[in-house]
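One chain, chain A, links the two complexes that follow: it is found with chain B in the first and with chain C in the second.
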Partner chain A sequence: MPSASDTVTAPGAAPAPPGPAAGRPRLGRVLTIAAVVALAAAVLAFPGLAPNPYILSAGIVVLNYAVLSTSWNFVGGFTGYISLGHGALAGLGGYGTGLLVTKAGLPSLAALVLAMLLVALIAVPIGFAALRVRGASFVIVSIALVLIMLLVFQSWASVTGGSRGLVVPRPFPDLLRPEHHRVFYYLYAGLLALALGVWWLIDRSRFGLGLKAIREDEDKAEALGTPTFAYKLVVFVVSAAFTALSGGLYALWFGDLDPVFQFSILTGSYMVLMALLGGVRNLFGPLVGALVVGTALEFFKGSFGNTPLHLVATGVLLGLVVMFMPDGVLPALRNLFARFDRTRQSSIREVSAAELRDQRLQSTGGKA
Partner chain B sequence: MPSGALLFQSVILGLLLGGLYALLAAGLTLYFGIMRVVMIAHSAFLILAAYLAWFTHERLGIDPLLSMVVTVPLFFAAGVLMQRGLLSRLRPMTLTMMSVLLTFAIAVLIEGLLGYAFTGTQRRIQLGYGSASIGLFGARIAVVKLIAFGLAAVALLALYLLMKKTKFGWALRATIQQPDAARLVGIDTEKIAGYGFGLGLATAAIGGTALSLDTTIYPSLHWHWIGPLMAIIVVGGLGSVPGAAAAALLLGLMQSLLQIPMGTTWAQTIFYLALFATLAFRPQGFFGGRLAQRF
Partner chain C sequence: MTASLETTDLRKAFGGVTALDGATVRFRHGQVNALIGPNGSGKTTFFNCVTGMIRPDSGRTTYRGADITRKAPHAIARAGIGRTFQLCRVFPRMTALDNVLAAVRPGGVLGGLRGARSRAQTDRAREWLTRLGIEHLTDVEARNMSWGQQKLLELAGVLMADPETVLLDEPAGGVNPALLDRIGTLVRELNAEGRTFVIVEHNMDLVMSISDHIVVFDRGRPIAEGPPSMIRTDERVLGAYLGV
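Our next item is the complex of A and B:
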């Protein structure tokens, strides 16, 4: 699924050879559209095909992961800043929605939207502290965010319910359980479509171009007049808002919040793993990653229950992806297709400017 | 207003805790200096060492301090392997971000394996001298805390001497400061970088043994350590060992003093407050750190 992201992997590559993504007008596009349509049809048809409500609820969990990792990809994919703390934003969205419903007596939908706005507001100072400096500090702040929130929400029991949890009343009390699942399944599907749409729009906009310039070379982007800090902050807030919506929807659907699960460092790492596995530069990368990892997670939970082996599997998988497939499955698949595409076969390997730069740096062993 | 003896005791305990923080933060600073890597797995290795110390005591009946004979060389080797085999193979362009993810994955892996091998049960070493304490101007200080501080202090001193007085230390510092120039004068920077990583991980082995003496341990404990440690290295200015040590002592002291009015849980927030305040107002850290400007 080529997106506008791909064409700018090497901003300084003036005489770049036509890469495999650039020159496959017909077959590639048809395949892409067919795959997207098939995916959308499969997602929409799933509730009708699911044999029992349990499978349907697993489907909701997977869709939740898909929305979360797509939301994460606003920051991770465009700017290259990797956040391990988006789980905290989802948790805040969940608790915000839950508290607004239970303590302030707001209707569910209003609570959801208000919680999203509140989290977006909170994301401004967080982003301000985290994004003023490069890379490492951002990751540190993102992890710290999860740890602080866990601390606060566990200790502040008088408001949050602490470790006893917070029960959120269902928004549609007269629906039966399977119907309830079905409604939320489509709500999640709608949210996913919205997140993908916004990502697609940003991807093709001038704003998106600036963000991708930050990802490729922040110094050069700044020198060319991109307001890097403002751009990073805006996209971080957008990402936080979508994450909070997903978390809030989860609170309304699941109905029971516990700080240990809402502010788990694992949630954030799942988002990263899914987006990275699918490919962060692709519109559908996080979705594909979520389908693979989320389904596997649900399957393992169903067969083995919650064991420490979850952690082991997550760690090993994340390590493998980082070491061997940092660009994700989708680009790897595309390369595979390109190999079978006989019309473009040649004995000369094409190398992009970014790869060349990497090789040069590696051969000198220098620190970038 | 708390009594003078309580305050004095808190100051002593805070400084003792700060010593352990300083040793661990020194390890993190080493990694960052060598490769600009934020090593999330540092505290996971810390807990691993604590578990190994507990294991030696519980199953083999040996003093937990003796476990260091095995763990320190073992962790050194693990550090060298990790740098040579994993981190140095990442793409230089995205090294900072990807190395965080990789060490994060290692941390999660260690936590999972610890939970699998020893279950999630909380463990604590029961020592013959575990409850002994020394009275000092009305303050009571547990002997094990003094031993832990002593270990940390000796290890830090050894690290300092190694860095300042030996040829290896010169090479390591040269590698950190100017890798290209270091290569020009004939230093095998890749090998030195690997050894530097081993050294950093060895501090986790010592710290973990010290920690196990008077702390209840469980597999997910490392998240409670990595937060404060990362706050310390940011406040100290990423990459500055003296800065990290000063920040460690200061924040350890503040945490200990804040425990009197706020209780243990809320006192931890001081680290995160310091982290956010530092990044918002003085991103390069409060104690110098020439590298911090850009990271």
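Our next item is the complex of A and C:
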């Protein structure tokens, strides 16, 4: 019996014609590339254009959100498991980095990387426990994670500083404040690029297709031979690692950690909202969502102070997205552009049953 | 002839309902086997226990001599047993091509990072779609396909994994007569190429015309087995199932 690995080539297989799936419609692709280039340029140019350090630091916060929601999307987007507990992983990354600098005296960069590895390690038992349950149960387990961490880090004050907070010394003490911001802005941009790159790599891989099969129908994927649990665990650990890096970078940038903010359900909720808003099936979905929601949040905070108003606004936004754009903004935009694109192949839903039958008749020589 | 798939005294109860009540069955290698029986006689539960989707309360399953009773479904699939589901299951928001490609085993960690749409695999997937007559739907998402097309797609995916033994749960359920013929012919062809089949099916014409060996279930256990000619006239079968 031949195996299913790709060493077997089907004998006499007709060379595959480059069907419509070989590329998205041409206009769509050009627009996508243009949008990505424009976005990258805007992100890179932003520090030069920011009128003051306050705006620049708001940019860092938004980039932090972008990295967090992209990291979240490794689990949420590929497998469809909605984690509200990712805030805990970011908090662990932050405290891990902070404690390794303050207590172990490690250089900042080493502390950041080591904290990431430690969180990845901790993510294994967490994933082991949480990924056994599906649907609403998974969401609840993930929330529990945040609450447990909050309790631990608040009460273990001798190490974590408890509610008084943990002050993390700056990695570049000689830099002036604007320079400090500028450096961290680019560090975050680099981390974002890395996270996007890895997501893209998985998206097009066999591993990624297996993960998407889990999202579609987990039992079916398992029946086809996909070790679903191992797949989920691996991608959860990858997601945790990126989330921890983002949290660690935040600790080094902001320099002051408080359990209430580090282990907050809100952080995880924002990640979910941003990813859903942009579209979890898209590489850039979480990024777009973070730009929209993050900017709105910063604007609200800047103009109205820290009121519960922005929470209401986010809640309403989430409701609207789920109701009117269940796949997020990016797919909605793409459909909009597709309407103006005359070169596009007719969409699947526009193929009528009669057309299908005709195609079928042709392909079977009119016998069916 | 060698036994391929063999169960010993499989039992499974759901609350008060006994679905499998000591099922001891042998399916031979290289044959087209049918598993028939009234609604609720435990056929689907039998498939679920054999493929690891449900854990039996007691009993044993062996495949080609190896005990697979407590193995995970993916491990059983990798051992060479593929299956379809009674209520046809495909990945609704994937194209037909991706549905079939999803059955490819990555081959290790590095293999997992290779592109899902490699030339070799895509060619193989297209070949299966062509063989099942749905190549014109290659880029259509499964959710936009008709019931019959989805059933063919499910089968294409299962076959892409290259199983030695294929369990089909009601392949003819809800499909038109022309398609029925196609499925029958396909099963015989695939069997001639060396694949063993176990088919749960209520359509007696299909069962009688394609199977070498028939096992009849009633209330969670086999009550008769033999070649079609024998089953057709077996009195217990007539009483329990054919309702004569």
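One rule holds in what follows: the second predicted complex is superposed on the first by the 316 of 368 C-alpha atoms of A that agree within 3 Å, B and C clash if a C-alpha of one lies under 4 Å from a C-alpha of the other, contacts with A are read in each partner's own complex, and residues count from 1 in each chain.
Assume contacts are C-beta pairs under 8 Å (C-beta built on N, C-alpha and C of every residue); 3 or more make two chains touch, one makes a residue touch a chain.
Remember, predicted model here, so these are calculated numbers, not experimental data.
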Which superposed partner A:N335 touches (first chain B, second chain C, both, neither): neither
Contacts of A:E222 with chain B and chain C, given as first, second, both or neither: second
First, second, both or neither for A:M323, with chain B first and chain C second: first
Touched partner set for A:G210, first chain B, second chain C, both or neither: second
First, second, both or neither for A:L201, with chain B first and chain C second: second
Touched partner set for A:S163, first chain B, second chain C, both or neither: neither
Residues of chain A contacting chain B in one complex and chain C in the other: 368
In the complex with chain C, residue positions of chain A that touch it: 1-6, 8-10, 13-16, 19-21, 201-202, 204-210, 212-213, 216-217, 219-229, 348-349, 351, 353, 356, 359-360, 363-364, 368
Chain A residues touching chain B - in the complex, by the definition given at the top: 80-82, 84, 125, 128-130, 132-137, 139-141, 143-144, 147-148, 151-152, 154-155, 265-266, 269, 272, 276, 307-316, 318-319, 322-323, 326, 354, 357-358, 361-362, 365-368
Contacting residues of chain B [partner chain A, same complex]: 32, 35-36, 38, 40, 86, 89-98, 100-102, 104-116, 120, 179-180, 183, 189-190, 219, 223-224, 226-227, 230-231, 234, 238, 265-266, 268-269, 272, 275-276, 279-280, 283, 292, 294-295
Residue ranges of chain C touching chain A (in the complex, touch as defined): 51, 53, 72-75, 77-78, 80, 82-83, 85, 89-95, 97-98, 101-107, 111-124, 126-127, 130, 133, 135-141, 144, 146, 157-158, 160-162, 164, 178, 194
